[in-house]
Every structure is written in structure tokens, then in C-alpha cells.
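First chain A sits with chain B, and in the next complex the same chain sits with chain C.
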Partner chain A sequence: MANGQIALTLLMGVLLVAVAAFLTRIEDWRSYTPLAGGGGGTAEESGYAHEEKPGGLIRWLTTVDHKDIGMLYGTYALATFTIGGLMVMIMRAELLDPAATLIESTTYNGLLTSHGITMLFLFGTPIIAAFSNYFIPLIIGADDMAFPRINAIAFWLLPPGALLIWAGFFVPGLAPAQVGWTMYAPLSVGVGAGTQSGAGVDLMLLGLHLTGVSATMGAINFIATIFTERAEDCTWANLDIFSWTILTQSGLILFAFPLLGSALVMLLLDRNFGTTFFAVEGGSPILWQHLFWFFGHPEVYILFLPPAGLISLILPKFSGRKLFGFKFVVYSTLAIGVLSFGVWAHHMFTTGIDPRIRGSFMAVSLAIAIPSAVKVFNWITTMWNGRVRLTAPMLFSIGTISNFIIGGITGVFLAAIPVDLVLHDTYYVVGHFHYIVMGVLGFMTFAGLYYWFPIFTGRMYQRTLAKWHFWLTFVGTQLTFFAMLLLGYLGMPRRYATYDFPIGPVDPVTALHQVATLGAFLIAIGFVIHVWNFVQSWSEGPILEDEDPWNLKEIGQYTREWEWHHRRMETAIADGGDEEVATDGGKESNEEELTTDGGENVSETDCSD
Partner chain B sequence: MDEQPGLSEQYRRASPWPLFIALGLPIAEIGVLFGLVPLAVGGLLLFVGSVAGIVQESGYVERPWNLLVGLGGVLVVLGGALALSQLTGGSLDGFVSALGSNGLVVRGVSIVIAGAIALGVGGVARFVETEPI
Partner chain C sequence: MGVADDTEDHGGHHLPAVEDWPQGFGEASWWPFVSAAGGAGIYVGAALFIMTSGGSDLVPQIAGPAVIVGSIGLFLVGLYGWLYHAFVSAFWSGGTDEHGSRTLRFAMLLFLGTEVSTFGAGFIYYFFIRAGAWPPAELPPLVSSLVLANTALLVLSSVTLHYAHVGLRKGNRGRFLGLLAATLVLGAVFIGGQVFEYYEFIVHEGFTLTDGIFASAFFGLTGLHGLHVTLGAVLLGIVFVRSLFGQYSAERHTSVSTVSMYWHFVDVVWIFLVVVLYVGAVIGGAA
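The block that comes next holds the complex of A and B.
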């Protein structure tokens, strides 16, 4: 113990000295020009201060540029998506047969918990932040985010958060948390004989707390940016749909995440310092569920609204029409944002809470279906009679709409108390929410990555590979998650490593689990193709000389971020190339994705289309 | 102004501080939660030091030292309150034995140590570093 303390002290001392040495090497303490008002990024240009960023690794460690931070978020999110995906592939392989053959059930539980938390907190929120960091300032005509440094802090909190969340797997002597992503008390308080009282759970809670702090900082930044940093001609009346959804989402984060943070601290106090917030004889485990779901339901809309905004943004571009009923799409976004705070107890219908409370929560939950349906109808009408071009981003958007219909309707069923009493805690619930988290958030991630690929890289991806990716993902998603809905009807409970118990028909359950696993492998193959396509096209694809690869000018939808892209291309050519855009070798522009050409009837666009 | 500009002076879109704020916070959290004194002290120092640095860099204050003193003071008060809330008598013996037996006192004291170091460093630097910018 004493030795450990000394070693820790030494380590910590070395770290602090190293940090201080590093800082004094790169930072001159007395050279700051006082910049009034702060805000950063707007420093007066003094003689030598003309470069934007240093080079190499230091650039990425110190950048406060919203585009770089967007790239960092994106890289991080794709890495965590891969890790969360690998976790679930092990679980799906285990579920191929009824008994626990591949891994122990405790390992399964650990993977299950980590998969859920990884996908929701380490992939979902960050990938949305990747798109919004990169594009919101460009779309609304801001120089950068309102607080560029806070933006960087918010990102850098995520890697330590991830390490803490996964610590149970790789730190010797710790066991991974097995409490599920909902961390229900009393299990999560450490009661019982399993590993749940170990430090692995504490570290996971700390990691979650950090990601919550990160999300909150990001949300404040987006709210401030959208309110105060818009260009003159970007008014509330013509604010674009993606910014509206990010604004609403940030509002939800602002009210939901601090609550999660406080609840986590209460849980940590219960676990380590003997408080009784969630003890059976104290505040009661039901209190945890109320606090958790008051955060948890808004959280699912935090993950849904921005992808919905991406659909509303991308769909019109490939339908040749403007978004149908723009105003109503905005209203429905706001309505969902408000209503989402009034439905949390639909996750608690089976806990024995007062039936009158249940009834009112059922009513509000059913009401959420209305704004959700408004969106779906507006999307369908946007495509109606349009000139639909089935590019990869468009395919993913259309696939998303169909997934959302299934995900949404199953949600309406679950919101009905009598149905939920039967289906609660079965695979039906798992199917329901995966149709949305994978079918909407996952799909729109890919749609956004393909749509803006030319802006990220100055090149075009390979169309055939992208189509393979789409079809594998789409078919895989249907197989996996529809099988789960059926498994739910058969009574298969969720969160089990085995199903050789005599409560139902084992054969059809086995068959459906195998279908689900098959689908999961299809999705995984599609993802490998996607990564390959991305990496290869980024490094070897032909340089795109067309500043309008999607022919948006023709339909009058050449939006600000593309104008910015165009300006950047021109500057790069004029300067003979800077580090951001490689211009050497000016090859033929690549038109493989283009289905139309001709008319350069450029129309003026404002920030709304 | 100096011959050699610092990183965030030279480059408009770079700052060394966010990374270290984001490193200091988790280290401090782990240290305080598990009662690991070196981590708690080091993490808190890294955190408050970087906060003072970034606030100066953004131009909200001219020198970081007063802010560092202030943040150190806050830590001393918070940690002191935590430790004192656990002590019954005012005797030194009682305090020493509580250090051995009561984890909350240890945590409170580690926060006080971090705060005191920040106070000291900030206070000294404030007077040593008097040259105008």
C-alpha cells in the first residue's frame, strides 16, 4: 500500500513536470496580446500571427478549429462504433445456439453493458457532434463556434471517458460492469454477490459522468453559436433545418444531461459513502428509475432529432424539390423536444407505479406519434413527383425513413400499457429501439459521411462499394431487428446469454436468433466495405475538380457549406495548394456519381436551403 | 512584445490548454473518489492550473496568477469543509486519528493540499512575475 502510494506520487509528479515542461516549450507565457472580450478565434492579426495552426501531431492535439474538432469527433466515433460493434459480434455469435458455449454469461453481461453505453454515449452523441461541429458554423455563416476552446475541451473529455468506461475489461484486477446501460438500483448500488460492487462499475460511472460533462459543454456551445454567431443574412426565418434540430437537441441535452450527472453522483455516493438515495429502505430503487428515465427518454430523442434533420437536409437534394412543409418539420421538431420530457414513465409501466400516473404517461407517449408522423409524411411528400436520384446518401436516407416507420410504430405499441405489460423486457423492445438507433442514427451517419465526403476529402468515394455497403446494411438491419421483434412476441427476454430454459418453444427461438446473427454479420461486412471505401478513396481517389459534385446548383440548392468548399478550392488553387486541400496533379474530375449534368443556372441561396 | 510568440499567439486556431483540462478533470475525479491522494492532488493541480492558463489565453484576465490563487482558495474551503464536517473535537490527536480511519477526512485533506499548493504557486508567481507584458 505504502509502496503503491509512493509509486503513484512519483508517477503523478513526473506527469505534472512533463506537462509543465511541454507547456513552457510551446507556449510563451508573456507573449499574449490581450484580446478584449475573449471569444477566441477572432484575435487581431499581429505581424507573425498569420498561420492558423501548427503542423503535425501538435496541430491535432491543440486545434480549436471547429472543422478539425469535427474531424476528431468523427474519427473517435467511428473507432468507438467499431469497438461497440466488435462487442456485439461476440454476443451475437454466442447467441447462435441456446447454451452458453462461446463465452461465460458474466462476460456476456459485461459486453452487453459496454455495448449499450459505448453506442449511445461514445458513438451516438459524438458522431452527431462531428457533423454539427464541422457544418453548423459553415451553414449559418459563423467564423467558428462561439467558444472554440470549450469546444476542444468537450472533445478531449471523451477519450478519458471511454477508457474509464472500458476499464473493467483491461485493468488487471477489475471486472467489467454488468449492470446494463440503465444501471438499475439496487444492483448498481452494489447489492448482491456479483461483481457489481467492484471498482469497475465506479470507473464506468465516472466515465459516463465525463461524457455527460462533455455533451453539456458542447450543447451550451451550439446554443450560443446558433443564437449569436449567425451571419447577417441568416435569420430565424430562414435558418436551415439541420441547425434547428441541433438547436433543439442541444436544449434537450442542457436539461437532460446535468440530471444524469447528478443521478450518477448520487449513485456513486450510495456505492462508496453509505448514502441511501436508491436503497430499498431509503429513497427507493424507483427513484433511480425516475431520474434515469427523465434523462433517458430525452436522450433517445437527442440521438434521433439530428439524424432526422439530416434526412430533411439530404432528401430534397436528391429529389430535386424543396423540403415539403418546412415550417411543420420545424414545429414537429420543437414539439417532440418539448413532449419528450413528459413521457419518461412509459419505461416504468411494469414497476407497479400508480395506474393514474401510468395512464397520463401513456397518453403523452401516444401523442408523440403525431409530430413523428408529420415528419414521415413530409419526407414522403418531398420525394413525391420529385426527380429522385438514388445516390448512396439518398439510399441511406430512404432506408432510414422505412426503418423509422417500423421503429416508430413498434414504439406506439409499447406505449400502450396493456401491450407493454406483455412485451416489456423482451426482445421486442430491443428490436424497437434498434430500428431507431441503428436504423435511423446509424443509417444517417453513413448518409452524412457519403454526402459530405467531397468536402471532407476533396475527392469522391467509390459508388459501387457504397451501394454494396447500403444493401448489406439494409438487408442485415431488417434480418437482425425484425427477427428480434418476432423473438419478443415469442417471449424471449432481453439481456440473456442463453435461451435453453423451458419457458417457450426453443426451436423457433433458436432459428430467429440465428437469423439475427446472420443479419449482424451482413451489417459488419458492409461496415468493413465502408471503411475500406473511405480509406482508399480518401488516399487514392481522383481529386474532385467539380465544386458541385451533386449538381445542386441546377436545382437551386447549392448551400453555404458547398459555397465555402468552392471558395476553399479556389484559394487552394491560387495559393498553389495548402495543407487542407491537395491540388497537385489536377486530374479529371470524377463524375461517377452524377446522374445529370448541364445547365449552370446558379441561383442565389440563403442559409435556409 | 516578446521575440518568440507562444503557440496560441502564433497560430490563431490552436491552444494547448483544452487537452490538459480534459486530462486533469478525470484524474482528479478518480483520485478524490477512491481516496488516492497523489492522483487527487495532481489532478486538481493540473485542472486548476490549466483553467487559469486558458482563461488568460482567452484574454479574460491579463495574468493567470490571481485566478490560480482564487481557485486554490476555493479548493481549500471545499476540502476544509469536507474534512471538518467529519471531525468532532478540535484536537490535533483527533484529527490525526481521523486521517487514519475516516476516508472522507483523507479526501478533504487531499483537496486542501491541492488548493494550498495552487494558492502558494499563484501567490509567489504573482510577485515574482512583475514585469509588464
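The block that comes next holds the complex of A and C.
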């Protein structure tokens, strides 16, 4: 008990520090001027005498500019990543030894539930939205998103959603939800002697619903933007790969999230108003699983496809070659999108559903491995005989490919019913999906952040620190999640706070758990280095004079967002440079000059590379 | 919202929010933030309500409903400002914007796609109990003259709305206004009919939300649908008021067509619902 309290206090302390750090960043942002305009009421790009944005905090609360909203999403996602990461650090520390020594198992369950939900809904979807908000309009040559205000409202629904989801931890009288991220009935309906009938669960469901509304609004906006806001020279034929993946992902969100939303409301009604949607004598707990996984499997591809698009975007830039088999990468993306609605019952092989249904879901699940493999082969072939430059974004992309191979192949094993009957609900499953959510989504988050760092900040990150970050993350990921695959083979069940039970050999299990914990701490150290690198390089890194830090022009891959970046730099130079604005803060910007020296003379270029 | 509100154009770069508060900027608006605060507040109010009904004395009993009502107010204020600044205030100076109109209609189509999923979950529950726990212990008298009348009203309202739109397109403003008003009235009567049916069932038949497997499907689906009709009526009301102020013309009718799409969709869902849930339950037979 005491230990649990200390651990929680610690967590809350770190949380407060994180919030404080976040607020000071906002202070910084008062003068956030990446290079040229953009900030503090400076007109941007086209050089007209019209202030686009107010200054200070109000700018961030009122902004409808896709780039600013992208920054908000990014900051939010990194904050939630930190919080979800801290939660899992406590859990990994607890698992160092077989007994319950650090925290109580109820605390463990609460952390487990919140970790999963935080990472998937509060980090995963938002970090993807961060990249797509910032870059999709630039890449396809749109002025902004199709609906800038809806874009803003979708973001502002997220912070209250997060507070509701975490409410069980800090609201007096509430207990954190302990129902797992899958919220299986009848536990989640409130049956049993634990805290699951308490309001902590209800608040979490409400928060989830709110974030789902946000994701759906975002998806509508992205589809509308990509369909109707493309520049004239940006056709379907030359639409870039990242936009294709965002388009497909938004299509999945469009049908998956509203269904989850209704299922959540039905669960809330069951819990509070005596309906029978998921009751044993009503719709049955299996109905929950069907609805949840009809959402849940597309959700995993919602989190996988855009990072895969980022690989396809970044890899060629550092291989000196174009993406191999572009068309096939697009087709495989669409194929995965369609197929992903037809495999959900592979999560339910052990529930006793009709064997004929099981068989067909097994077949489709195995089939989805084909388009996945198409991607992997195209990536490898892209690098083949290329001039590979091992920059930080490239390292993370290559690491992602190896992670995806392991994550994908373990998925194929799990999709085979006989294998799954043995491995279901063991750590093998945990290893499988973490190879993808951490190994692909996590890795590509970092790759994207490094690749576009010059655009965000006008500066360069510290390359040595970035390499440290990569190697710590890569080694840590292998240690943690490969150990989990082995734990699964040994029969270690998932979701347990302790493992001193008399089934199976305790010694190797303990050793593997310790390896996993070690790996997790390596990842954490890497992430601290990353944050440090980011914050420090952002404020003190050398200002980039070069509009092409990755030498993309040389290989003919200087794409639209970099051209935009270049235009912005030129505008800044024409105005006397950003430096002056920064040094003599008094005169924010000179609008007269802006009107005359605007950078309108730069011509547009075509869609992708 | 959308390019429809791109009322100013600077050097090829559209400014999406020139009218909005805080004024004088092109890319700043308080409305999304205000609407989001109101929208999220509704959830917080629901959370407080559940907490207090669960016995928590952290906040007084009244807090939940109060927060909900206040938040709905705030939400509506945000929405009003939003619609006003994005569409209404600069309506006549804006000129026709084919592109913006296309985008908005497309977005409505996408939204209706999400609605298929939203309703889908409820229908799947119903199919599940039909295949499993059926028959229910009791069924209220489902197929009555009330339901038939209500169905007729709703179908008729789709027809009147369609011809209102046609009237507008043909420049016949009188017909447009008249039929739009008729649609609104029909919608309101439909909602009244639904309320009456609930009243009959709950008070006279003793058939309530907690009455077992069919009650969950019935109140869940008709409730969800009722909310949609109500929202549709509010949207129609907005269109009606705007048209009273002289807005819309044969060329400028984006929100008339988006709201029509929504209304027709809700109508179709109703027909499906009547066939499957009302008639289907009776034909399938109760115990």
C-alpha cells in the first residue's frame, strides 16, 4: 500500500513537472518564429499588410492555421507519450521480481489500462494528426485544411478527453479504471467486486468518446482536404505517398470510430441505466467483442498506415533513389485498408465462436500479410544499390522496417488458429503488437520529428545526441519486446502484476522480465536525450542558412514542403531576417516592408517529387 | 468553415477567418475554442452526474445538470458565432463559390458515412438478440396508427423539402419558403408524435428502458433517431430563419442542399427502423 502511494505520488510529481515544463514552452512560444513570419503577428509568405494572428497565448488558443494546430497536436502527443511512458515504467519496475513488491496489483491494473488507452488514443492518433496537419496542406499545395475551424475544434476536444480518461487517478473518491484497454464485458459493465462499477470507468468511457469525436472530425477534414483542396498540378496520379496513407487512414477512422462511439454509449447505458446491450441475457459479452474489434482491428491499421507512409516518404530521400514500385505501395495501402475491416474476429479465436467463422477470419488475416509484405519488399528494394546516408531519420526508418518484419511475422503466427489457441493472452501478443506500435509508430514519430526539425525550427538538431537516441531506442526495443515474445512461449499470461505462481518455470521468466525492464529503461533514457536534444536545439541550435539541409536537390527529391520552407526563408531575408526581430524584440515586424518585399515571386512546383 | 468563408484573398493565400473574433486577424478565431469548451463541458457534466448518482459528495447533486445546461449554452454560443462569422455575415459580399459548396456537400456525405456506423452498432445489437436471446418477455403494441402516421409525416417532409429546394433553384422564392415552413412543421409534429409514443409506452404500457432486451433496442435506436431528427429540425430552423432574412438564391443554396441531404438520410434510417424494429419485431413474434 505504502509503496503504491509513493509510486503514485512520484508519478503525479513528474506529471506536474511535465505540465510546468509544457507551460514554460508556451512562454517560449510567445516568440516562436521558426525562421520567418509565422509568429507574433508577422505576416507570412505572401507579404500583405494584414496580421494573421494575435500574439502570446491567445494566438495558440485561437489559431486556425494548420501549421500551428499541427504544433499543438505534436506538443500534446509528446506530453501524453511522456505520461503513458511514466505509467509503464512503474509497471516494468514492479515486474522486476515475481512478487508484488512495489505497487499493489489494483494499482498495476489501473496503470495498465491507462497506459494502453493513453498510448493508442491520446498519443497515437494525435501524433499522426500532428504530422498530417502540418504537412498535408503544404505537400498537396492547399492553402490550409478544407475546414480550418473544424480542425481547431478537433484539437481542443483532446485535452478535456485526456483529463476525463485519467480522472480516476486524481479526482478524490474515484478509482482508476481497471478494465484493460479492450474494456471487455462483463467486467466493464461493472460486474464483480472490484472498482469496476465505480465512476472512474464511466469517466474514462466519456473521455474516450470525446477523443473519438475529435478523431472523426479530423478524418472528415483530411478526406475533404485531399479530395478538394489539391493544387491544380497535384493530381491523383502524382499524389504523394504520405497523403495516400492519410487518406486511407481517414477512411478507416470514418467507419471505425463512430462505431466505437456507439458501443461506448451502449456500455455507459448498461452501466448506469440498466439496459442489456452487453448483458449475458441480452446482447451478450461477445457482442462487445465483435463491436470492439470491428473498431479495434482497423484502429491498429489507423496507427500503422501513416507511419508506413512516412517510411515510404523518408526512405528514398536518404537512399538517393525513388520509392521502388510506388504504385504497388499505394495499392497495398488501399488493400490493407479494405481488408482490415474483415479480420476482426482473429482477436476472438478463443471465445468459442463458430469454427467456420473462425476459419474464414483466419484466411483473411493471413491474406493481409501479403500487402504488408509488398511494402517491406518495396522498402528494401528502394535501399538496394542506393547511396544510403545513415542520418537519424534514416536510422529510425531502417529500424522500423526490421521491427515491422518481426511484428508482422508474429502477427501471421497469431492469425493461425492452432497457434493462437496456445499463444492467446500471453506476452507473445504483447510482444507482437508492441513491435508495431512502438517499433513502427514510435520509431517513425522520431524519424518524422528529426526529418522535419529544420522546417519546424529553422535550426538543426544535435546529430550525435540523435544517434544516441536511436541506438538506445533500438536496442531497448529489441530487448524489451523480444523478451516478451519468449515470455509468451513460456506461457506467461499478459496483464498480470505478479508471476510467482506455480505454473511454469519461474527463474527464466524472472530473467526475461528483467531483460524487458532493462530494455524499457534504455528506451526511457533515449527519450530523455531526445527531449533534451529537441528543447536545446530549438532554442540554441545553429540557425540553418541552407534551405536544403538534406541535400535533396542533388537527388531530385526537393519536395513541396521544402520549397515552402525555402520561400519562407527568402521572405525572412527580404525583411531583414528573423535575427533582427529576435534581437531587438521591440519592433516586432515592419509591415510596410513586408508589403513591398513579399516573396510572391516564387513559383509553385508540382505535387510530389 | 471551408472555402465558403474565404471572403478575403491576399496574394493567393486565403485567410480562413477574417470576420471572426478576435477581430483584425485572418487566422485566429475564438469560436472553435469556445465550442470545444462547451462540447467538452457536456461530457464533464455527464461525468459529474454519474459521479453524484453513484454517491460521490465531491460536488452537489445539482452540479451535473447545471454544468450540462451551461455547457450546452456555451456550445451554442460558439456555434452561433462560428456560423455567423463563417457563413451568414458575409453572405452577400461573398459571391458564389462553387468550390466551397462542393467541399461542404462532400463533407456532409462523409459525415453521413460516419452516421451509418453510429446507427450500425445499435442495429447490430438488435440483430444479435434476434439471433440469440429472442423472443423478449414482452412487446408493447408496436405497430399502431401512430407509427404509420408518423412515418407518413416524415416521408412527406422529405418530399416537401425536396420541392422547396427545387423551388429555390427555379427562383420561386414563395414556394421555397412555404414548403420549407411545411417541412419544419412536419418535422416538429413527428417529434411530438415520438414523444407521445414514449409517453404512452412508459406511462400507460409500463414499458421502459430497463424492460429487457427489446426495450434496450427500442429506446436505444428510436432515441438515437429522435436526437437526429431534433438536430435536423434545428438545422432546418436555421436555414428557415436565414431564408426569412433573404438569404439563398438559385445559385447560392449550399446549406439548403447539405441540410436536405441530412434530412433525407434521417428519413431513410427511419423507414429502415420501422421495417426492422417495429414491423420486424411483431412479425418475428413475441413469446
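Methods note: the second predicted complex is superposed on the first by the 531 of 609 C-alpha atoms of A that agree within 3 Å, B and C clash if a C-alpha of one lies under 4 Å from a C-alpha of the other, contacts with A are read in each partner's own complex, and residues count from 1 in each chain.
Convention: a contact is a pair of C-beta atoms (placed from the backbone, for glycine too) under 8 Å apart; a residue touches a chain by one contact, two chains touch by 3 or more.
Quick caveat: nothing in here was measured; it's all calculated off a predicted structure.
Enquirer: In the overlay, answer first, second, both or neither for which of chain B and chain C A:Met89 touches.
Expert: It touches nothing on chain B or chain C.
Enquirer: First (chain B), second (chain C), both or neither: which does A:Ser262 touch?
Expert: Touch partner of A:Ser262: chain C, not chain B.
Enquirer: Quick check on the superposed pair: does A:Ile153 touch chain B, chain C, both, or neither? Answer first, second, both or neither.
Expert: both
Enquirer: On the A-aligned overlay, A:Val64 touches which partner chain: chain B = first, chain C = second, or both, or neither?
Expert: both
Enquirer: For A:Leu518, decide between first (touching chain B), second (touching chain C), both and neither.
Expert: Neither: A:Leu518 stays clear of chain B and chain C.
Enquirer: A:Ala369 in the overlay: touching chain B, chain C, both, or neither? Say first, second, both or neither.
Expert: neither
Enquirer: Considering only touches as defined above, state whether A:Asn272 meets chain B (first), chain C (second), both or neither.
Expert: both
Enquirer: Regarding the shared-chain residue A:Ala79, is it in contact with chain B (first), chain C (second), both, or neither?
Expert: After superposing on A, A:Ala79 lies clear of both chain B and chain C.
Enquirer: Per the contact definition in the header, classify A:Gly198: touching chain B only (first), chain C only (second), both, or neither.
Expert: second
Enquirer: Which chain A residues are contacted by chain C in one complex and by chain B in the other?
Expert: In the superposed arrangement, which is not itself an observed complex, chain A uses residues 41, 45-46, 48, 50-54, 58-59, 61-65, 68, 144, 148-150, 152-153, 155-157, 160-161, 164, 199, 202-203, 206-207, 209-210, 213, 272-273 for both chain B and chain C.
Enquirer: For the complex, give me every residue of chain A touching chain B.
Expert: Residue positions touching the partner: 5, 8-9, 11-13, 15-16, 19, 22-23, 26-41, 43, 45-46, 48-54, 58-59, 61-65, 68, 144, 148-150, 152-153, 155-157, 160-161, 164, 199, 202-203, 206-207, 209-210, 213, 268, 272-273.
Enquirer: Would you pull the chain A residues touching chain C in the complex into a rising list?
Expert: Spelled out, the residues of chain A in touch with chain C are 41, 44-48, 50-54, 58-59, 61-65, 68, 143-144, 146-153, 155-157, 160-161, 164, 167, 171-174, 198-199, 202-203, 206-207, 209-210, 213, 216, 219-221, 223-224, 227-229, 254-259, 261-263, 266, 269, 272-277, 281-284, 287, 290-291, 598, 600.
Enquirer: Spell out the part of chain C that touches chain A in their complex, as residue ranges.
Expert: Contact set of chain C toward chain A: 1-3, 6, 10-17, 22, 24-33, 35-37, 39-40, 43-44, 46-47, 50-51, 53-54, 56, 58, 82, 86, 99, 102-103, 106-107, 110-111, 113-122, 124-125, 128-129, 132-133, 209-210, 212-213, 215-216, 219-220, 224.
Enquirer: Which residues of chain B touch chain A once you look at their complex with the stated criterion?
Expert: 1-2, 4-23, 25-27, 29-30, 33-34, 36-39, 41-43, 45-46, 53-54, 56-60, 62, 103-104, 131, 133
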